[in-house]
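One chain, chain A, appears in both complexes that follow, with chain B as partner in the first and chain C in the second.
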Partner chain A sequence: MTDRLDGPAAPREESDSRGDSPAPADAPHTTRRFGPSPVIAIAFLLPAALLLGVWVVYPIVYSVFRSLFDASGTGFTGLGNYATIFTDGAMLTTIRNNLIWVVVAPIVITTLGLIFAVLTERIRWATAFKLIVFMPMAVSLMAAGVIFRLVYEEDPDKGLANAVLTTVHDTFSSSQGYPEARPREGDQSPVAAQGGAVVTKQAAQTGRPVLIPIVGIKPAVMPGNAQAAKTPQGGNELSGTVWFDFTPGGGGKNGAVDGTEKGLPGMTVEAVSDGRVAATATTAEDGSFRFEGLPAGSYVVRLPQSNFEPAYRGLTWLGRTLITPAIIGAFVWVWAGFAMVLIAAGLAAIPRDALEAARIDGATEWQVFRRITVPLLSPVLLVVFVTMIINTLKVFDLVFIIAPSSVQPDANVIALEMWRVSFGGGNNQGLGSALAIFLLVLVLPFMIMNIRRFRRENA
Partner chain B sequence: MTTATATTPVTELHTGAPRRGVAGRIVDRLGGGAVQVVMVLLGVFWLVPTLGLLVVSLRSVEVNNAEGWWTVFTKPAELTIANYRDLLASGFTASFWNTVAITVPTTILVIGIAAMAAYAFAWMEFPGRDTLFLIVVGLLIVPIQIALIPIASLYGGMGIFGTIPGVVLFHVAFGLPFAIFLLRNFFIGIPSSLLEAARMDGAKEWKIFASVVFPLGKPAIASLGIFQFLWVWNDMLIALVFANTDSQPMTKALQSQMRQFGNNVDILSSGAFLSLIVPLILFFAFQRYFVQGMMAGSVK
Partner chain C sequence: MRTARAAAVLAGLAVAVAACGNAPTTTQPTASSSASAGGAKTLEGVKLEVAAKWTGDEQKYFQQVLKAFTEKTGAKVTYASTGEDTGAYLGPRIQGGSPPDVAILPQPGLVQQYAKQNALKPVTDAVSKQLDTNYTPYWKELGSADGKVYGVLVKAAHKSLVWYRTQAFEDAGVQPPTNWDELVKASQTIADSGTPPFSLCGASAWTLTDLFENVYLSTAGPEKYDQLSKHEIPWTDPSVATALEKIQQIAGKKEFVLDGSSGALQTDFPTCVTKVFGQKKAAMIIEADFVATPVVQSKAKVGEDAKVFPFPKAGDTTPVILGGDVAVAMKDSPGAMALLEFLASKEGGEIWAKLPGYLSPNKNVSPDNYPDPLTKQLGQTIVSAGDAVRYDMSDLAPSAFGGTDGKGEWKVLQDFLRNPSDVKGAQEALEAEAKKAWK
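After this line comes the complex of A and B, so read on.
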């Protein structure tokens, strides 16, 4: 793909219906010569030169000098501002975050782009898929930030990410959380608390239902599907009921299933023999449980502690530890389409013959992919990768919008810190200039790379 | 290189009929059904966050604070356009027009100024031309941050700090390197015979530019235009620094509401959705040019 750096993508659409447009060949610009006088050239260049000079070039020079002065701009501090960048604790967090960004985001995006590009060749609705994945590119990062603030809401009833996590979690672990619930206490009670768990005081008998009365359940915790408690009848297996031994409005007999009282579904129940768990069951909607196929014997029935831990509520996405990965997730959502489209274009250009030849020679599809497709794609992959590095170095909007102000110091990146220090309350334009120069130095290698590649390809 | 990345014949998003490629065959072995399922899931994954924004924007703050937006499927009656009505009644419409007033002139100026420079770089001889163009290439990825402080103090002196012209000029300047680069590379592909013929006829450079180069450059100019438009429309950083409350575009207006996200979710969601309607319409209408612009300059 690099072979045509100067033949930009733009004009290269298939010559469909646009016969009027000259097919821009790899036109050698050696034929250019008899032009107008340089004076006219200057006239054409002047507006652009003026704007670039004043708004882009002059600021670079100005910033270099400004970065050597203190906040007020009067006291010369030498490299003091740069020293601050590399010694101040908050600044080091900022640099560390940028490092995480630069290492993680480009790799994830390039890999995803490659996977998507490969997979879209396989489906009939590739166009629709590409449009969907590419769409975030048109959306402002501000709007993307609002979108992901909503996704990352901590309450699983509001935030999509945690709603999905808790759903998946609850599918694989049936235990329903009953925080603060405890056994009915007292000598009459058949059960007692034991190190966070609830156990029967007596060994349970098969054929006689085990009663496990529980109290202290808040209405908000009570599952919506709970039915009136029932005691399982008949059968030779060990069975019983876990229920909320409380009759709303009073009445009812403690320690007995009173008909109006609710069973507690989703409790994990263990049959324990000699300190070993012999069988596990889960209570039904009416609170009943039954150990099937359990050999006769003497068992203590136990409700393990896991029942009494609060229900799984997902992750604190916008908290101090996860904030940077969470924002990188949003960034990936925005940029994956870009990587996909570029890589798909590269994929389409791979000559089929080379691949066929390899297959005829007996290469497996994986070998073809690893040894031929990926190497042939490497220029495209490099472009995507480098572009993403530059973009991650400059990341600003998403961090600013997604990170709540209380965790912004933990999510901070150089581009954001530069703004905060100079305009967002910091009011230290000396340090701000130093940060801007630092950012410029970070992209400098890629700038040089661009220039060198351009020269090579236009030589 | 980040920038011009003319890979191949530009593939547009709609690449026509499904083509069984290399990779296609690789995946054949993995089982077509599984791929379909994975792709559907991925598509949903990419679509759902935006859908969530839309639904949230169509429900009251109370409902949004009580339950997740996905309950809309069982309770569609809770939908309301009240948020949008309130938003339009507030000052937000002014920031919408500010966004337009910043974006449209910027796009026109960038195209005009860059096209002139690109023509000079492509088809005129003057000393230092190649060096100057290399500088343009180098400027492609200069971070905006570098200019915030110097230009802020410059604008203070000129008295245009906080005004729309100030914001526009900043955008134009930082849009130029990419624009010049893109157009110069396109113009250079115009057959020299066309230009020579015009010059032989004694046409003035300005006339050649306006009647030969500019019309022939339309595809590239369209790409540049759409790209530039979206970039300026979506900008927040430049607006944060150089616009004040009278000249602020939507992005800045919304940002100022972020501090109380929970309470302002009605304004934020409807405002964010309103701000992305125009880009989405442009994207779907001109996606071909958008992709080309992006492919030609994956810089920003």
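After this line comes the complex of A and C, so read on.
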């Protein structure tokens, strides 16, 4: 690519330096030839051409050639490898992911960069702020990946993202229930799970204690004040016990309140009659409950779902659905600073008088931004945007590191897939080369766009 | 934690020194008489590079073995870690013409693959002799391709084990189960007691293939196991369905799996062990002997806090599945062959055996060398089982199927863990991936 830039530039320089004396004397009658003799030109171009040939042209040509062969490198497959790219389900996922990346990441980065650049122009500690936003650029993508792998860890005790989410969530509502507790399975159990709640299988009668055995209580959620479970005696009211029906060490009788088993305090219990809640009670420290002043009759006793709601644990960042947005977040973190610095430089070059004139004419700040700043900045914005598209297309390291291997197929991008098929597992360098060429074809239009723009600006 | 580990290592070294007596002074005459490469430091000045996937403690212990080799021969050995994906590390180096002198391959499948690419050097007679005296033919065959011997199985792993936290079993009042139904029943009781019975390492998919292989060997028997290993029967075979249904019984219940299937799929191998024995969040972990290393790091005592029971019989066969690492020479250098010979020898094996987390397939390495009674017992089962054992199936498969992150069997089993109700879909996906890999 760069040779197209260098090509016209080199002779021009030459003509500048020796333009005055030999050139007019050399060519008096034929058409005026600019620059040196072809031999010297070739000698000057040779080192660059050689390096480009070895490092750029040869690999590209060889990749094109290699992409027409199978894994072993001996069987000619024609365009078979390219057909695989567009038929294999996993490959289509990678293409889809790349599309999401290309659409989302450059827009977000350019927008954020613009916002940061415009805002930092006004604040006092602009340099310090810019430095901080630019800092991630100093970190390698590899390290950034490791950092974000930890940030997105699901356990709120380890992952920053979920720690923030759970903290925010818990300040508004906190759950003090028995998450994941459930009735024992099987027909013997007198209670059954029903849509998240636990209900008695048979209608309860007043005067006979209701037994509600619950199992699967994690040691961490067992309240410290829980006492050994007791069945309430006597009285004509509807009463009963909710308790953890598991004797530590085993040996207890299922469905019976054994000596050492503990009650579950703080459970909300509802007496339901004809589908309506007739009364509500809360269990005591020994797990017993009593509905005061409830008319005699038969009721279904229910422990509503609110008792069993699990504590909020944040989002599964590294799961299948959120993985690509999560990685794009890390990518934005790295590149937003770069965009900001470029755009800020462009901003500094905008003629102040245009802005001043607009302000004097009574334009609001938003109008100034919208009608003056952005249009004047548009060349810089476009450069940033296109550069980001190219960067996004070749994203590799962040996906490789952040996505756990179990979700990597869902987060996969072309560059990573290329490396995987070429060197991991199958060692299929034919297919890998085809992917590389595919990626090159995707990047080319943007490269050409950038080069055109550079040229126009230089002209 | 660090001091405890250091103490353990020191203790191991002390045993090693004690066992050898005054080895440093007397080693030269005995060595020269037993091994051809021994005697004076014949390889003084030779430099070797060894690549293996081990990191952390496993790497540290292996480097102690390498140090013993350096002391014996004078050759300088540098260690390069390949990371989890050995194929991805070695592939470009072979392609680029600068492979390491010796590579330790985690899968015999790679021996076949590299032998086909002419990237391996057949072993010399001296190495072959060590193999004949120290190994049963089954192991020699594992390191061979097309009738030529290329590799030495240097490290074996016993993969038919279930580790459990004794406290969790005591709290729930259950005993180690001996068959699958008992396992499911015990799991239910443990779940009722408030502890999720299993910690699965879903992010490290090889742990899932190990689980499948144990169940499959047990339910379908060794013959079918061999056929499926070679893809002579399709993965849509009913025997595969039976095995997957058994796995469904434990993976399909959300109270059985710590953090649910989505949490398990983000948990990689040593972390899932820490969750059982360090954070005490679950009761069991289905994995190999080398779980001992992270167990010790979690400050749990092997044999007291952490115990093992053999993988319960899910069918007619008691499964014994082994994994293992095969050392191969990738360069034709005397140093490389001398190292292979050393690793295959009784001497090299016994040095390694005294370090934690190691099992030798070498039948002449006495089980007495192992630092704890558990390893001793495992070592005996491997040596005595002989030809009756089966090698890890996924490691025998082409690595695109059985050894690559996000591909083949690894991916499908992770998807199955995510959605354990779809046995048929998993089988079809497995067969589709197998067809691609075996074509």
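Here, the second predicted complex is superposed on the first by the 270 of 459 C-alpha atoms of A that agree within 3 Å, B and C clash if a C-alpha of one lies under 4 Å from a C-alpha of the other, contacts with A are read in each partner's own complex, and residues count from 1 in each chain.
Criterion: a contact is a pair of C-beta atoms (placed from the backbone, for glycine too) under 8 Å apart; a residue touches a chain by one contact, two chains touch by 3 or more.
Not measured: the values here are computed from a predicted model.
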In the superposed arrangement, which partner chain does A:Thr231 touch: chain B (first), chain C (second), both, or neither? neither
Thinking of the overlay built on chain A, is A:Thr94 touched by chain B (first), by chain C (second), by both, or by neither? neither
Of the two partner chains, chain B (first) and chain C (second), which one does A:Leu440 touch, if any: first, second, both, or neither? first
For A:Glu185, decide between first (touching chain B), second (touching chain C), both and neither. second
Using the touch definition from the top, say if A:Ser406 reaches chain B (first), chain C (second), both or neither. second
Give one of first, second, both or neither to describe whether A:Thr392 is in contact with chain B, with chain C, with both, or with none. neither
So, does A:Phe423 touch the first partner chain B, the second partner chain C, both, or neither? both
Comparing chain B against chain C, which has contacts with more of the residues in chain A? B
Which residues form the common part of the chain A surface touched by chain B and by chain C? 404-405, 419, 422-423, 429
Which part of chain A faces chain C closely enough to touch in the complex? 90, 154, 180, 182, 184-185, 215-219, 222, 244, 246-251, 316, 318-320, 404-409, 412, 419-420, 422-429
Chain A-facing residues of chain C, complex: 85, 87-88, 91-92, 95, 113, 170-174, 188-189, 191-195, 202-205, 255, 259, 262-263, 265-266, 268, 398-400, 403-408, 410-411, 414, 418, 437
